[in-house]
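Have a look at these structures, which come just after this line.
The two complexes that follow have chain A in common; it is paired with chain B in the first and with chain C in the second.
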Partner chain A sequence: MANAVMGYKQSSFPTKLAAISGIALLIFIILPFVFGDFQLSLMSKLLLFGSLGISLDLVWGFTGILSFAHGVFFTLGGYASAYYLKLNLSADSNTYGGELPDFMVWNGLETLPWFIAPLKYFPVALVATVAVPALFAYILGYFIFRSKVSGVYITIITLAISSALTTFFVSQQAYTGGTNGITDVSKLSFLGSPIPPIGLYFIILAFTVFVLALSWWLTQSNLGLILRSINENEKRIAFLGYDVAQFKIFIWTLSAALAGMAGGLFVPLNQFISPVYLAVAFGTQVVIWVAIGGRGTLVGPLLAAILLGQVQNYAEKVTQDWQLVIGILLLVVVLFIPNGLMSLLPKQLSLANLSKPKVLQTSDAVKN
Partner chain B sequence: MLAFDPSSVFLSTYLLAQEEAEAVAEGGFDIVTLLNQALNGVGIVGILLLTGLGLAITFGVMRIINLAHGEFIMLGAYVTFVFQDAFGMDLLMTIPFAFLVTAIIGAVVELTIIRRLYGNPLETLLATWGLSIVLQGVVKLIFTAQLKYVKAPPYLSGNLPLLSDDAGGALISISYYRMFIIAVALALLGLTMYLFYKTSWGRQIRAVTQNRDMAKCLGVNTKLVDMGTFAYGCGLAGVAGAVISALKTVAPPMGQDYLVDAWMVVVTGGVDKLIGVLAGSLLIGEANAVIAFILNDPTARVIVLAAVIVLIRYRPEGLFTIQKRS
Partner chain C sequence: MEAVLSVKETKMDGKMESVLSVKDLNVVFSGFKALSGVSLDVYDGEIVTIIGPNGAGKSTLLDAIVSKSPVFSGHIYYHGKDITNNSPHAIARMGIGRKFQNPNVYNELTVFDNILLALKGTHGILASIAAKLTKAKKGKIFDVLSRTGLVDQAFEQVSSLSHGQKQWVEIAMVLAQDPSIVLLDEPTAGMTADETYMTGEIIKSISKSHSVVVIEHDMEFVKQIAERIVVLHQGKVLAEGSVEEVQSNPKVIEVYLGHETIKAAA
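Up next, the complex of A and B:
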């Protein structure tokens, strides 16, 4: 997963970073063979949450848009994938034997709604997991960013969206399964045979590496430079002739697409999706991973999601008050370690260097 | 469904209203139901006003993004519960204590957290969110997650019949408690406006928000003003919690229900003038009531939230703010 990092760093610290990223990837490849079933599915889940964190880092850490709606994008992708899996249940494992999912029967639907029916086919579902959240984000982004709305108000809008969609999904029981969401879905299968948990783990690992590599490449490109500049001084970038809104909409949509993909992979793993993941609480969770891991570090949110998830797993056996620990951790990070836990790492190992614009280096050169 | 919905304040009050409406007027779609629904909307307006007022101080006046606002409401409710449980106090008597305790906690929070983050709205937002998790956690640690119940005073129970049918049964009525909520909300709004526009403390607050450095030069103790104002805003949230505690069960996550709504009210009303809170809650509460009457509750909530989003998009300074040149 850290391979991508290596590429850039090769010029300055080739051996050290090659070793670290190689070892990191190796650990993640060996891991499933060492751990039991429970750890396997937990790690798969945490990798997905980490990817979700990375997608938020793109808009928050790099572009300065704090969003509580990334859980929403994640869940939209999740629902698309859940409909696919639900509609592909074999007839005998479906409670009512028919084609119609159980929750639709309970709520008195007679036929499959036209907007859900196409999701029975894999290519359609695959496109939908990406396209639905991306399209929603695009419309939203177009609406928000082409206006004078800024900073905190955008965050409040994302809060409202999360709250409104939760209410909407809960109320549309016949179509969404209400509070319970979509449960008892079939397993993801490949050429007719179900994919084993370890296969799913490797798919998810590959996805995480893809998200990390893509994000890293983006942030190192000229586009990334512009995004960071927008974060630093939006007005100046606008005066330089860049269409700030366009860049924001682009990264916002891309980030939502990545979040949606993560959600799409989450359902085969988790075997259900519900409005819990739409709610503000889950959106906050994503924000917390990024804040604690370190904004603008990409690897930080991933590590934070894995670390917190693992600690939570053990802590919850001892105490019921895990959330309190998270709250205190968040407060401490905001007050005393504003750049997140990644900034505590020694400079050579830290990805935070990478997020510093290259411009800084040239201006240093000029000074010298 | 209710337990899950993060902002079920509309829903819960509505379900109540629907029961009332069904019991009272079996005719369904008629003028009586509509009037009852409108009156019910007034009840929601009271709650919105009460919960939004504290936020209008902390966000509207001080520009602090306070996501722990709901938790201060929750703390107020718990103060009422404790005093009622331990000393058998009347709910009305606990209100000053609810104000004091939450104001003191607010002052401590300002001193230890908010003060470090002035001029940094996004960091404040994160920190107050952390604070809200911590407050919920601590309350859960002390009182456990069990639901607590607060009794409304007996003289505030029952309904005031406004219109009776031939048999003497009430057709249109409003509950005394709902009237009480509105009275408290309006009284607090009046008191706050008096404090802000007619006293020297209010003048100092306005001076500090307009020009902090100049106020400092003129001898205003800005740090004390900041602390006092934030504590006052939190105290108002505490009062809201105390009053609401009898309507709903008291539990650690209860504050979350009010957070989004309080924000919508403040954002809609605009932060320029305190009276905006009243306008915001009237608009949201009644719009919600009317749409819920025509369609249904969740749809009403979604439409109102969507409308607020559109409003923020076109007028982030709120509906009732005079446009200024910047």
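Up next, the complex of A and C:
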């Protein structure tokens, strides 16, 4: 007994996994020097999509809340970033000169709306890319999770939110640029000079590592255990003294903040944002990355976003029916690998398994 | 035996403050009165056994106490504080632990993690992120595991355990909560005779430091553990007293007439 207690080790990062993570990171550091411009920008985009997938994995994979609204959080961050870049176009590169964005001029606005004006300043915009989606998610989450809404109804609400916001952004042309969104934005600059694509790639890579590390750290703590328990049976855990709604609101809001940051970085890369990313179709893509990669695996959604993005890229070149190719691929994975791509890898390599390390590392110690 | 009886008498006189006090409780499910006018006091360190036919409202009484089912009217006091219809997590944190009728455990987690989850103390978000698995915590977890005979299964996934072992996992979870009152709903269902006996001994040891309310069918088992018995029937308290008193009560005999369990007991 005493030995069993002594032999028990807290979870730690196994050396094998540390080595693999190191090699993977090294590859991602070397790749941009090998890539052409197109691949560099594609990979930057896919890393952001992967981060978005990881953020959804926290709420869906771990906590069991299926959300189609993660595209919305992403896009809200994206608009905050787009206003900043648009308002920082030098006067002469703005279509009509002056500081008012072109789409506002077209739609008859004469002055910059007060709620958009502060986004001209970098610190404000930086905070807004995180705070706007987080606050929106918090308010939404507060009402959803404090009320008795559950299961599939939450998912339906996220679908409705996605549709409603798409319609709203399309209709508010003067403020949002309507269907076209916000285009022709300035490049993101650092100390007055535009950041080159490779610089942007490394910023995005650092962000991806941050999202992955933060998510791993959180999910291997007791919080991860609580989230998984909420997923398996949320009624039971309340009788152990946990305020389930509080935990759901927390992870939901945090997840939205991460999604918003990804959206904030997406605009300097993509050079525009539009309601396309608010729509259910994009929200569904995020769900697909998590499903294909493997729920509750963190790395899975990232890999799936990169793989699917690359497959789409090549399929587009080879055939006009690339969507059919992607569709068949999805079907194959869903039918034959229901637990996602990560389930094909040996267990020790999964971050999700790391968050249940107690089984792996200690059973021997205890049996002695 | 004498000493025990005299302690009980003091309790009955109301000189001691009750840990849990249910007053004139009514629970209604869409017009159906599952509990009508139930009153019950539980005192420090005693074991109260609730018996009664299926559908009598035994589980519903525990459900009302932990706020799983809403109270229509009446009150529940815990150490004198009105906790009627408080949120389940608040009630659990105050010190009321519940084991459900069907083992309500986390099948996808290990036994150890189930207990860790139940452990008293870390219920906030930040606390749960910062929580360290200290020696003291491990010691506490292995303590409840050894009390419930689960040390060898500590790192097995709960889904791989037998029904009886799952019952113990849930009892261990309740112990880890370290509540001042333990509510056990049919803890021996699905257990062998030996397992049932062992569970009785566990319950007796729990009662040294906790008040215990047990719902039970098996009269052998009731005799093993019982101090005070409450008989529920059709949502009402039918009788209350020692095993002998309850068994010789004409009303109880009538209700149980032809019923297997009381025959075995008689």
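FYI, the second predicted complex is superposed on the first by the 325 of 368 C-alpha atoms of A that agree within 3 Å, B and C clash if a C-alpha of one lies under 4 Å from a C-alpha of the other, contacts with A are read in each partner's own complex, and residues count from 1 in each chain.
Just so it is clear, contacts are C-beta pairs under 8 Å (C-beta built on N, C-alpha and C of every residue); 3 or more make two chains touch, one makes a residue touch a chain.
Values in this document were obtained by computation on a predicted structure and should not be read as measured data.
Asker: Would you check which partner chain A:171 touches, where first means chain B only, second means chain C only, and both and neither mean what they say?
Answerer: Touch partner of A:171: chain B, not chain C.
Asker: Could you let me know whether more residues of chain A are touched by chain B or by chain C?
Answerer: In the superposed model, B touches more residues of chain A.
Asker: Now for A:223: first (chain B), second (chain C), both, or neither, which partner does it touch?
Answerer: Touch partner of A:223: chain C, not chain B.
Asker: I'd like to know which partner A:250 touches here: chain B for first, chain C for second, both or neither.
Answerer: After superposition on chain A, A:250 lies in contact with chain C alone.
Asker: Would you sort A:189 into first (chain B), second (chain C), both or neither based on which partner it touches?
Answerer: Neither partner.
Asker: Scan A:232 for contacts with chain B and chain C and give back first, second, both or neither.
Answerer: So A:232 only meets chain C here.
Asker: Which parts of chain A are touched by chain B and by chain C alike?
Answerer: Comparing the two interfaces on chain A, one with chain B and one with chain C, no residues are shared.
Asker: Which bits of chain C are touching chain A when the two form their complex?
Answerer: Of all residues in chain C, those touching chain A are 66, 68, 87-89, 92-93, 98, 100, 104-110, 112-113, 116-118, 122-123, 125, 128-133, 135, 138-139, 142, 146, 151-152, 154-157, 173, 177.
Asker: Which residues, counting only chain B, touch chain A once they are in their complex?
Answerer: Spelled out, the residues of chain B in touch with chain A are 1, 4-7, 65, 113, 116-117, 121-123, 125-127, 129-134, 136-138, 140-141, 256, 260, 263-264, 267, 296-299, 301-302, 305-306, 308-309, 312-314, 316.
Asker: Inside the complex, what are the residues of chain A that reach chain B?
Answerer: 66, 143-144, 147-153, 155-157, 159-161, 163-164, 166-168, 170-171, 178-179, 275-276, 279-281, 284, 287, 291, 321, 323-331, 334-335, 338
Asker: If we count contacts the way the header does, which residues on chain A are in touch with chain C in the complex?
Answerer: Counting only chain A, the residues touching chain C are 1, 4-5, 8, 10, 218, 221-223, 225-226, 228-229, 232-233, 236-244, 246-247, 250, 356, 358-359, 362-363, 366-367.
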